[in-house]
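Look at the two complexes coming up: chain A is in both, with chain B in one and chain C in the other.
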Partner chain A sequence: MITEVLQQVLNGLAIGSVYTLIAVGLTIVFGILGIAHFAHGSAAMSGGYLTFILTERLGLGFFPAMAVALIAGAALGVVLERLAYRPVRDAPQINAFIIALGLTMILEGGNLLLFGPDQVVIPTPYQRVYTVGGLVVAELRIQVMLTAALAVAAMAIFVSRTRAGRSIRAVAQNRQAAVLMGVNADAVATMVFALSSALGVIGGALVGALLAIAPGVGEGLVVKGFAVLILGGLGSIPGAIVGGLVLGVSEALAAGFISSAYKDVIAFLVMIGVLLVRPEGLLGKR
Partner chain B sequence: MLTVRELRAGYGNVDVLHGISFDVRPAECVALVGANGAGKSTALRCVCGLVRARAGSIEFEGARIDHVPGHRIVRRGITMCPEGRQVFADMSVLENLRMGGHMRRDRDQRRDLEALFDMFPALRPRARQRAGTLSGGEQEMLAIARALMSRPKLCIFDEPSLGLAPKIVDEVERTLARIKANGTTVLLVEQNASMALRLADRAYVLEAGNIVLEGSGQELQTHPEVSKAYLGY
Partner chain C sequence: MSRALRVGIGAAVALAALALPHALTVPYFLHLTILACIWTVLAQGQNLVQGFSGYVSIAAGGFMAIGAYASALLSVKGGWPVWTSMALAPFVAAALALVVGYPSLRVKGHYFAIVTLAYNLVIVTVLNNYESFTGGEAGMPNIQRPAALVLGGLQLSFAGREGYYYLVLLAAAAATAGGALVLHSRVGRVLIAIRQNEMVVDALGVAAWRYKLFAFVASGFLAGLAGALYAHFIGFLNPEPFGTDQSMNAILAVTLGGSGTLLGPIVGAFLVVTLPEYLRVADTYRLVVYGLLLVLATIFMPRGIVPMVSRGFRGMATRLAAALRPRPDPTP
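Presenting the complex of A and B:
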């Protein structure tokens, strides 16, 4: 019994670390710029597809391919911010929301056009499986968790330790005071989107390696990402990390012990339960 | 140093400033006084590039700055200590001060930090503390220190005494007097007109978006209309 629970927790942590990556990207855009970036999942999937093409068709290794996709993803983030979100920045929030929905359709359509309707799995060399004290440990799952942890840690260090990161925090805490200190708030918005999309692309590539990428997966992922955002506490990066892992683990436990058909239902029940007790989210501020 | 001519500005369909003109000369302390809603803060926000002028001009050291974006104003040598302090609440005191020197590339910042901690000794033991946990008076001192970190030629204060205990207001007044004595040019907006007029070399009285009176701080302190309307005697 204990082994089975641990097994499901381990499986849940792997997919949970992908949810975390998606949610951290969403939470920095929401927390700093106040935008509900619904197209984030679809942008992440573009990166996943690109990683697939680079590995499958061009024979690049998994990590080099992901690095290329990450740069392309950051560039896509810059384009989205400049062309889509910046023009509506001073407009009522509903405008940015409509833009986000439109962008989702454009990106999903673009993915379909560029990469086709087929489900793809990104090939990786990490196919070994270890058995540790009765636990089945897939090498790929470990790689996924380590990559996600590394990406989130790199982002956290950038935001907390560098001058550019400090200017991001300044805009998040008090935009007007930040401008008075000489911070270019437009440049910060661009930087935040680049960071967010880069993290999303890593998430997309990891989903493609762990499960599969297909049309619609990105939209499903962004819904879970927002669920994590609310679960963890809006705008909180630690909340997104914990929330993503909690969602992944509760899904895996539900799939393992109840029914995999109900795993989404149970995951959202957990979320509702948490919000009933802590309406501000796990690590949110009251 | 700062020359404002026929400045008009406002929000939405409403004009708040109806063509005001004022000057700030080097090493001077100039105050804008007036009732709530007279347009004092809007005038400051125009100078700092946070609100666009609808007409008129703002010149600083001989160059027009009315179309310079807000984040570039600080590089010209103008810093504002905003109304309501507006410290970065989740950053430490030290990080707030470093934000003040955000645009600086020189190596003297450490020395300036030391000098500011000497000037505001209450901040030194709190260097690592979150700014949001400071008292109102300490936050005001931090906001002033943060503004000074950019080594401004013109330092603007928007209602620095607002919402502070009388003892702290005295401390703010002494601090502003010191900043002025150090040779920094000061532009001050205050509802506390008696404090503003004591500090100011010259002052302008704003009423409903127009300048209605102008004179030395001392003249205005004894001016019958000013004393009746703003000083309460």
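Presenting the complex of A and C:
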């Protein structure tokens, strides 16, 4: 029994680290620019598909392919911000949200046109499986967790240690004051979208390797990402990390011990429960 | 616009709507018009929340599903008369909206949108998986149309498209009238105040959450009614048409038509039902074109078609009046 629980926790941590990646991307856009970037999951899926094409058709390794897709994804994020979100920056927030829904349709439709309706799995060489004290540890799951941890750490270092990162933090704290101090807020918006989309693409590629990419997966992922935001608290990066892992583990436990058909329902019930008790999220500030 | 002109236009539109089944020679057009009327009911409900209070709910499809399944299950499995089930279904959806609306209205803005989206996903997941009850993805066939009514010797049949058209037309008109009642009441004014500045509403000692909950429950009721009308019209149900796409259609209808106006949801509903038909030529590009329309509409006409057209008319009327006014004689 205890091994089974540990096994599910381990599985949950792997998918939870993907949720974390998606949620960190969402939370920086939300926290800094105040945009609920609903198209994030579909953009992440575009990156996942691109990784698949690069490994499958061009024979690139998994990580080099992901690196190329990451750059393309960051560029896509910048384009979306410039063309779609910036024109409604000063309009009521609901407008940006409706734009986000429109972008989701465009990206989902675009993915369908470019990559077809079939489910794809990104091939990786990490197929070994270890057994540690009764626990089955797949090498791929370890790789997924390490990659996610590295990506989030790299982003945290960029934001906390570089000059560009400092301007991002300044805009997040007080946009007007930052602009008055000579911070280029437009450049910050561009940077935030590039960072967020790059993280999203890593998440998309990892989902493609771990599970599969198919139409609709991106939408499911972004909803999970927002559920994580609600769990962890708005705009909080530690909250997104903890929330992602909590959601992944509770989902895996629910799938293992209650019902795999209803695991999404259980994940959302957890979210709604948290909202009732702590509307500001687990790590959010009142 | 003067009152007489308004009444005149209203009467003309009503007459045209009543005569429509005789004018449409292609049965498929009548089919689309029926769907557009059903979607008008849905969009008027969405407008109560999105247009009036400014909260985006992404659960319209889910509540539509509740209404559709409630009515279908009551009449097919429960053996109840179709009229009774159709009349009860909106209340079932409204009751659910009350239960789930209370916790979710504690959060604001985007959070509310995401929570309602989660409800929609939960509803569709349960409908898909609770197969013994709902038939799962394979669906539920043989949902009957309502029985004929006899009113003073006049028999009204709803088995054909024409009869059903009058039923959904009545529902769409009632939903619009309901929206008008709300808009011109104290409730409507509070809802609009919430959209403009919720903090001020709270600070004035008005319990904003009650009004938001009312709007959410009323929109659940209308979505449920739309679902029931849909179920008995199509005659077959599975969870597929009630996914988040449908909720986004409701949002699109309100946004395109004119959020917060009474005519906007009607225009929007007809657009979301007929546009995909026109775009069917390019079916593969449908989603992309649809999304592009939504983005462009939000950027370039953020208030929707109806306010834009009415402003255009008003501008034209002023210019016309100015042109017709006798000019002062330039020579002294």
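Please note the rule applied: the second predicted complex is superposed on the first by the 286 of 286 C-alpha atoms of A that agree within 3 Å, B and C clash if a C-alpha of one lies under 4 Å from a C-alpha of the other, contacts with A are read in each partner's own complex, and residues count from 1 in each chain.
In the analysis below, a residue touches a chain if its C-beta (ideal position, glycine included) is under 8 Å from a C-beta of that chain, and two chains touch if they have at least 3 such contacts.
Model, not experiment: these values are computed from the prediction.
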Chain A as common anchor, with chain B and chain C clashing or fitting: fit
Partner chain in contact with A:S196 - chain B first, chain C second, else both or neither: neither
Inter-chain angle, chain B to chain C through the CA centre of chain A, in degrees rounded to a multiple of 10: 90
Touching partner for A:G182 - first (chain B), second (chain C), both, neither: first
Which of chain B and chain C A:T55 touches, first, second, both or neither: neither
Touching partner for A:S46 - first (chain B), second (chain C), both, neither: neither
First (chain B), second (chain C), both or neither touched by A:S250: neither
First, second, both or neither for A:I106, with chain B first and chain C second: second
Dominant contact partner of chain A by residue count, chain C or chain B: C
Chain B versus chain C as contact partner of A:A36, first or second or both or neither: second
Which of chain B and chain C A:Y262 touches, first, second, both or neither: second
Least Cα gap, in Å, left between chain B and chain C after the two complexes are fitted on chain A: 16
Residues of chain A defined as touching chain B within the complex: 163, 166-167, 169-170, 173-174, 176-185
Chain A partner contacts - residues on chain B that touch it in the complex: 48-50, 69-75, 79-80, 82, 86-91, 95, 98-100, 102-103, 146, 150
Touch list for chain A against partner chain C, complex: 30, 36, 84, 87-88, 91-95, 97-99, 101-110, 112-113, 219-220, 223, 226-227, 229-230, 234, 261-262, 264-265, 268-269, 271-272, 275-276, 279
Complex contacts: residues of chain C adjacent to chain A: 50, 54, 56, 103-104, 106-107, 109-111, 113-115, 117-119, 121-122, 125-126, 129, 244, 248, 251-252, 255, 284-295, 298-299, 302
